[in-house]
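As written, the chain order gives the labels A, B, C and D, with residue 1 at the start of each chain.
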Amino acid sequence: MADYTNYTNREMQAISIAKSISDGQIAIVGTGLPLIGAALAKRIYAPNCTLIVESGLMDCAPIEVPRSVGDIRLMAHCAVQWPNVRYVGFQANEWLHDTSRMVAFIGGAQIDAYGNVNSTCIGDYHNPVTRFTGSGGANGIATFVNTIIMMQHEKRRFMDKIDYVTSAGWIDGPDGRAKVGLPANRGPQMVVTDRGIMKFDEQTKRMYLYGYYETSSPEDIIENTGFEIDVSKAIKIDPPTPDIIKIIREEIDPKQAFIKVPQ
Amino acid sequence: MADYTNYTNREMQAISIAKSISDGQIAIVGTGLPLIGAALAKRIYAPNCTLIVESGLMDCAPIEVPRSVGDIRLMAHCAVQWPNVRYVGFQANEWLHDTSRMVAFIGGAQIDAYGNVNSTCIGDYHNPVTRFTGSGGANGIATFVNTIIMMQHEKRRFMDKIDYVTSAGWIDGPDGRAKVGLPANRGPQMVVTDRGIMKFDEQTKRMYLYGYYETSSPEDIIENTGFEIDVSKAIKIDPPTPDIIKIIREEIDPKQAFIKVPQ
Amino acid sequence: MKKVYQLSDAISKFVHDGDYIAFGGFTTNRKPIAAVSEIIRQGQKDFILDSGPTGSDADMLIGAGRVKAYINCYTANSGVTNVSRRFRHAIEKGEILFEDYSQDAAVLMFHGAALGLPYVPIRMMLGTGLVDHWGISKEDRQKIDKLPNDKFLIQDDPFNPGHQIVLLPVPKIDVAILHVQMASFDGTCRIDGDEFHDVDLAIASKHCIVTCEELVTDEYIRREPSLNTIPGFCVDAVVHLPHGAHPSQCYGCYDYDNPFYVMYDKASKTQEDFDQFLKDWVYDVKDHSGYLNKLGGARLADLKAVPGFGYHTDMTKMAQEG
Amino acid sequence: MKKVYQLSDAISKFVHDGDYIAFGGFTTNRKPIAAVSEIIRQGQKDFILDSGPTGSDADMLIGAGRVKAYINCYTANSGVTNVSRRFRHAIEKGEILFEDYSQDAAVLMFHGAALGLPYVPIRMMLGTGLVDHWGISKEDRQKIDKLPNDKFLIQDDPFNPGHQIVLLPVPKIDVAILHVQMASFDGTCRIDGDEFHDVDLAIASKHCIVTCEELVTDEYIRREPSLNTIPGFCVDAVVHLPHGAHPSQCYGCYDYDNPFYVMYDKASKTQEDFDQFLKDWVYDVKDHSGYLNKLGGARLADLKAVPGFGYHTDMTKMAQEG
């Protein structure tokens, strides 16, 4: 019989993502972990959430795992296939109408203490050491939607000053977004990594450690974070129950497209 | 046997409209005479012209006569059913791309010597004696597309100063459009009335009499025009041949929806 | 999360005095007339009505005295009434505030709102009465919370100095009402034929009521996602309302009721006759079922669209002539 | 007026050195790869390439050295190559001019062009590198005729003073290339599934080339006008080109060719391997027929979409697992 107690940190990430979606919410997902997490949310924690992708596909319920947000696996099983600009407008209108039913998942290569994210380049913008895809939909999402940021938790990624801000977080503090002209009532809510969950202080908008996985610790987080991080409020996050792990492995990602089962 | 020699001035108008469409052109039509004229053009003079309407229906070939530009009689027999804004964008892009394949037909209640047209109100705008529909698509058309204007030829309609400019003509002369910020290489080309055809002088952009129907005369035109009009270059327009009248009555508008056959 | 409503409940819940309101459809095509009638029945008033190309939807609401400010680009039951008569009367008698835009501008304003743009820059309206005259003065606009303070602004094009452009404000629509061929329980909509500006309204409005010919399961409407255009989360209320666009057209379902429009044309000539029309066809019928019963089954059957045409035509006659 | 072309004739007639060019589709979906290969074969160069979310369409053209300036928002064969490698290499080595926008901005710029707007005002990109950095300097922009002089402008919102907005220039696209499921002789197009930004490109571009899976009569495509999205007069050339989007997906027709993308991923790691890829799959195959023959019939058959899904899945296996 399969062992469902040997959970991985990637599975913990997927579960953290799933739990961050409230029932009835509209989740903007990409492929990979957010899609797995959102599928898990829909299966367990938030059965009435709906999934949308930045290519314009609305209320997606893929049967096979898609490789991109434009994949016909999403297109075939959705409610509406909107041209991209309709999605863009919808996203802005959710802010204009002051609703709070959207949540979005974005990733990046670098992040700073205020949740500003870089998915453009390492090094100088004009002469980068490493060039990435660029914004995709992330900049627009980070403008209008509360975000959950997925990161690999490494010192070289959690930096005091990131090389390029692709998607705005809280900029440099509580007035940061208003100062630069961005909606001030939107911003990053949480950072989910392979070591734990970070949130942002309500007063300072600086990242702090909310909780660490069983395999991590406050010391481990401090060591792998390139800026000073408050761990004083940190809790240990309970390990997942085997039935949740079973659902991930058997139902959500049976082909291990995004989450490998430990040997 | 039916008499096809007793043509009416309305039929002459429809034929004038038809002849103003070149083969291969895209004609923006409304209902009524322009639609009849364009159908006749497609049947006789310009078999490869296509008809579009401001509601967004592209390449229309109605079988039954529609009552409005949004009529499902147009929707059922067209190539593409565009939302209205796509039409708006297409119209502007034809100007941006500097093509000359569009021609449009607009009407109005009043017109001045420079082809500015009023389809909004008689009298003061705020306290009108008579209020009309308003612009519809005419203002946008008159901005970006060369127009043919259909009018009833009466002194009270051909005025020195019209009560409201709904659709810009040449404004007040050769520099008129450029001065107000409108595309200078577009404007009214012709006015088709129940008495004859007016064109605009290339130098002054003032209306002059190009030709009068058999039932009219330069004197008749002068008498029914509220501003000074040059009739010195006017020609008498040949009457239509019976076979054209037969086509209008038997094929284009057999139910006399827009053109009554004389008793 | 339940979105399926009775018409009366949907209207009373989402339509309020003073709302900025807009209707889908185009003049005599897919107009939410049954919903307009229910608004008239319920008594909501003081609307800012902004509807793109309208017909008797706007005219009825104006005639019933419910419109405080009307944003117009074209108002006619084309082919029957060339200028809607209650609209015309209200302006000629100075009974309502009104503003004029070109249709191009009007639909771009809806679209700009749906795209989330702060405003829409255009090259149209210049040199005409549409910029020379403000129907609603800046002073009046400042008094009406929901109207932008400016009809438009004129600016030098920052990318092309020396060229003037017109900046249009985007409307903040409180409630939009659409009539569509098909919707599902969760509000997903399918519009057959031209969508006109309906999708823009669904996205841009704070609340959206959809009346539909067919109410289907969420699963059924998802079998052909390519045919759907409005996701459920843009819709607040779905009302199953067959013939809800009568007397206007509904592509693939039914044609306009021309004798009804002719009757409306006559009835709308005077306020007295119009009030009698409202009594007969709105107040006294009590609800949409009453309205349909008054019309009668045969009349409705006779409007049915012919598959292959999408509109009604007398096929028996065609076959005989054939 | 004849619009049906051979691929080589369409490309040679409408694609020229220095053109501002854009492609339809989305990363690995409905990308006009066969047309891109033909451009590479013919030798046109110095493009300004502006394509919304791209994958190997852009990467191939960049790798072949044909792109002078690249307007980027996202470039990846997602799921196989997370950052397109020739794109990445060209930027890391400083080989091309490039500019970054967010995807939202990029598609709004196409859309604004298609709407005929002078520019597009938005509320995004503020506070980020997208406004802090110009990939292509004003000086360089002034040297390139077809690029706007400004990446963007920042202005106070005239309707909401004190609030900054970003004004985006609209591209002047010389030629757009789309791959669609169905087109007719006169250029009328039917796109099955998401249109992405394709209709915008067709309207906004001076010339538009469409490659299609099925070429049908004008009469046939008009039987269901509701399914069509591009009128013929927006299209200059129609090329009948089955599998013209391979290795990308074409909804309802075929799925991506994953092993091909994996091969491309490897081949695009070095210029040398990439050049060999071009030799093998572009130059030496001579044309699209040669390309399809090289792929082989069985491989193409194995990508065929399953009706009911719209994508390829192993139904035999599913039935067995069933």
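Throughout what follows, contacts are C-beta pairs under 8 Å (C-beta built on N, C-alpha and C of every residue); 3 or more make two chains touch, one makes a residue touch a chain.
Predicted, not measured: the structure shown is a model, and the values here were computed from it.
Following the contact convention of this document, D is the list of chains adjacent to both chain B and chain C. When each chain is reduced to the average of its Cα atoms, A sits farthest from chain B.
C-beta contact counts were set side by side for B-D and A-D; A-D has more. Averaged C-alpha coordinates give centres for chain A and chain C that are 40 Å from one another.
One finds 28 Å separating the Cα centroids of chain A and chain D. If you average the Cα atoms of chain A and of chain B, the two centres end up 58 Å apart. Annotation for chain A: residues touching 2 or more other chains are 75-76, 81-82, 85, 88, 91-92, 144. Taken residue by residue, chain D touches two or more other chains at 108, 111, 115-116, 123, 163, 165, 193, 199, 226, whereas all remaining positions touch fewer. Every pair of chains that touch is listed here: A-C, A-D, B-C, B-D, C-D.
Per the touch definition, chain B reaches chain C in the complex via residues 31, 54-57, 63-64, 66-73, 75-76, 81-85, 88, 91-92, 116, 118, 120-121, 125-140, 143-144, 164-168, 171, 176-177, 179-183.
Chain contact summary for the complex, chain D toward chain A: residues 25-29, 52-53, 72-76, 78-80, 82-84, 87-88, 91-92, 94, 100-105, 107-108, 111, 123-130, 132-133, 135, 163-165, 193-197, 199-200, 249, 251, 255-256, 305, 309-311, 313. Residue ranges of chain A in contact with chain C, taken from their complex: 24, 26, 48, 50, 52, 58-59, 75-82, 85-86, 88-93, 95-97, 101, 144. Of all residues in chain C, only 1, 113-116, 172, 186, 188, 199, 203-204, 206, 218, 221-222, 225-226, 228-234 touch chain A in the complex they form.
Against chain D, the residues of chain C that register as touching in their complex are 108, 111, 115-123, 148-150, 153, 155, 157-160, 163, 165, 167, 169, 192-193, 226-227.
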